[in-house]
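Several structures are given next for inspection.
Next come two complexes built around subunit A: one with subunit B, the other with subunit C.
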Partner chain A sequence: MSLDLIEPILFGLLALTIVGAGLGVVLADRITTSALLMAFTFLNMAGMFVLLGAETVAAFQILIYVGAITVLILYGVMFTPQAPRAYGLFFQKQTTVGAVVAALAALPVMVIAFAFRDTGSIPPRGGDLVPLASSIFTDFAFPFEVASVLLLAAMIGAIVLVKRE
Partner chain B sequence: MTTLVPLGAFIALSAALFFIGVAGVLVRRNAIVILMCVELMLNATNLAFVAFSRRLGLIDERGSVFVVFVFVVAAAEVAVGLAIILAAYRNRPTVDVDEVREMKG
Partner chain C sequence: MVPGPFDIDPLVWLVLRLLIAVVLTLVLILVGSMVLIYLERKVQATMQDRIGPYHVGPFGLLQTFADALKLIAKEDFRASQTDAAFFIVAPALVFSPMLASFVVIPFAPGIVGADLNIGLLYLATLGSMGVLGIVIAGWASNNKYSLVGGLRSAGQLISYEVPGILSLVTAVLVVGSLSMVHIAESQPGPITNVFIIPLAFVTYFISALAETNRIPFDLPEAESELVAGYLTEYSGMRWGTMLALTEYGNVTIVCAIMSTLWFGGWQGPGVDSGPITGPVLGVLWFTLKTYAFILVFMWIRATLPRMRIDQLMSFCWKILIPLTLLNLAVTATLLIAFPETKVPVAIANWILLGAFVVGVPLIQQRRLRKLRERSRARTLGAAVAG
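Up next, the complex of A and B:
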């Protein structure tokens, strides 16, 4: 097999896994299963970023999403035990309406999404670390500092919210 | 010369994952699963950002910078969201969003 088709094949495999695991997050009856499938979705999304040539974003994705956020969510699952119940009770009363509305909204968006075309220019080689870093630390230096303040505020807020008297 | 995946395919996958997240937020009862679905939506937008940035970015990787900010906001959001859910759970041991109605007018 030639290497010409390796990128579409990888894209197809990753896309199938992402959509399947995403549906699993919504439909699974055990919350731990949902959380681990969410981590699996994020891991495959990191593969998608590598396929696009954005290796630095993929590394951030694995560190922050697969690492930090999944661990936080799993702690949340651990601290809020629930009694077992019937499968239908995992869903809201408006489940049918909600699913239909989401599907109806998704249809035109999917049609528009497939209409996007490449400009024909070849994507730049050599990874995205240097352009990303030079953008963040020059043009976006102030928003970057504001983001660190946001993280500090979120940390203090979370501590205050769950602190016992 | 390898065959490139068209940009539309990445955007369509991003839209599909986004609407899976939307459906999850609309139909699930558990607040933590709703939080997970919000994370799925944020991650789907990240894919659109990176795809546009890599394929249409004329100057440099401006789109990827916004992905970094989305990472920051997602981390802050999940930390504060879980803290709120835990505070509500301590008040009354349930994470069902239709059971938490203390602030209903």
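Up next, the complex of A and C:
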């Protein structure tokens, strides 16, 4: 037995956990459970990136999504007054619509995924920090700057909203 | 894949290696926190002119063992209205990132769990994960004090992560690598990073105090007036895991980061003397440096009073973050302008450090004067109106 045999097993475990936890995020009737399961999904996604040889992306995935965004969502949940069971009903009413939308979104993804089935394996990239950093600041400098400006605008907007009173 | 010793199958060795590493780290954390709790009590007692623990064992050495036994033997108690699953998961969420952090700490040449080329990023990532457990603990306790305490702690930790990571980035710019092993190897001489970027060290030290909830930033567990924040409902070994083990484990990690990044880690006289004595001496120097910082943490705890939450936040956002950003920009510019020498970086950093040390008291004095004037005007206005 070698690592080549373990890799598909690990992939299967991670994929099953991601799908299961993702379903849990949607189906759980309590929003805090959903938030925690979402953090769990992000963690497993990071495991997927490590499996692909992209440790840097995995580290940023955890730093940004688990460490920042999930905490922010939990903040939002805890500062929002909740009537008992109201959030459960909110989800229950939209099961059919949700299923249709999910199916519509999943269809093109599956079509694209199966189109790439026979292209062979692509060498893993993104594990090394140096090429990643230099490509961000040379080839992708413009998208990077646009994203920065967008975030700056959002931040200024948030400050203006809070400062209004 | 690493070939195993004694003809063990590499695959079995892969799993075995992980198990051995986890067990060793757990032992290190358990014994380390016992030693640190004893040290903390003794050092504080000495500073406050007391004796400290002395009943159990010689010099009270077995006191922490007795305390740990008491904690483990305590009833596994959970208040009836708490949220069972989250309440039980939260201590694990706080503890496990700290446990995983030990993987990349270089204890001596060759003695490291894994030499990740993104080692420092990995440490920063795990440092940000503990916040999740704290928020969940506060929420699951179903108690207003815990909830507010958890959110207050999360706010503090998220805020102080920013200057902490910015200081680490400054050090990484000077060294040119994120790998902890490379960073330790790059500082063999007497001129370690602390002489080149002293300001980054000071700012990281302050944020490390805040991120490990130590005085003067220990609002998360202020047991005397803020009912211990998110820890209110916890007791027994869950409390022990969350507070004792995690706090002292995190203190060990930030002190190890400081000694590796700014003081050369395991570097010291005689580390390349031989295959056996080298690593032993390396571990010795590393431990000495790390424990020196831990002792400074304890000294600060015995000396300084606790800050208020608004003072803590305004110090971070109005002073520390602009200063670390400025330091990062200046260091990056000077490193690109003078790629051969680090002297300009060192000069700029020492000047900025001087400005910081002189500037903060001046700013504080001006603020205090303004506050006094405003309160005097208010009392005068009230007197006139009355």
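Keep in mind that, in the parts below, the second predicted complex is superposed on the first by the 133 of 165 C-alpha atoms of A that agree within 3 Å, B and C clash if a C-alpha of one lies under 4 Å from a C-alpha of the other, contacts with A are read in each partner's own complex, and residues count from 1 in each chain.
Basically, a residue touches a chain if its C-beta (ideal position, glycine included) is under 8 Å from a C-beta of that chain, and two chains touch if they have at least 3 such contacts.
This one's a predicted model, so the numbers in the text were calculated from it and none came from an experiment.
Contacts of A:I156 after superposition: neither subunit B nor subunit C is touched. Applying the stated contact rule after C-alpha superposition, one finds that A:P8 touches subunit B and leaves subunit C untouched. Once the two complexes are laid over each other on the shared chain, residue contacts for A:A141 go to neither subunit B nor subunit C. Contacts of A:I31 after superposition on the shared chain: subunit B is touched, whereas subunit C is not.
Contact with both subunit B and subunit C is seen for A:Y75 once the two complexes are overlaid on the shared chain.
In the superposition on chain A, the chain among subunit B and subunit C reaching more residues of subunit A is B.
Once the two complexes are laid over each other on the shared chain, residue contacts for A:G67 go to subunit C alone; subunit B is not touched.
After overlaying the two complexes on the shared chain, residue contacts for A:E55 are found with subunit C alone; subunit B is out of touch. Judged by the touch definition given at the top, the superposed model places A:A99 against subunit B, while subunit C stays out of reach.
Shared contact residues on subunit A (touching subunit B in one structure, subunit C in the other): 3, 6, 56, 60, 68, 75, 128.
Considering their complex, residues 1, 11, 83, 86, 89, 116-118, 121-122, 124-126, 128-129, 131-132, 135-136, 139, 147, 151, 154, 158, 178 of subunit C touch subunit A. Residue ranges of subunit A in contact with subunit C, taken from their complex: 1-3, 6, 32, 36, 39, 55-56, 59-60, 62-63, 66-68, 70-71, 74-75, 78, 127-129.
Those residues of subunit A that touch subunit B in the complex are listed here as 3-8, 11, 15, 18-19, 22-23, 25-26, 31, 34-35, 38, 41-42, 45, 48-49, 51-54, 56-57, 60-61, 64-65, 68-69, 72-73, 75-77, 79-80, 82, 89-95, 98-99, 101-103, 105-106, 109-110, 113-119, 123, 128, 131-132, 134-136, 140, 143, 147, 150-151, 153-155, 157-159, 161-162. On the side of subunit B, the complex with subunit A involves touching residues 1-17, 19-24, 26-30, 32-33, 35-37, 39-40, 43, 46-47, 50-51, 53-56, 60-62, 64-65, 67-69, 71-80, 82-87, 89-90, 93-95, 98.
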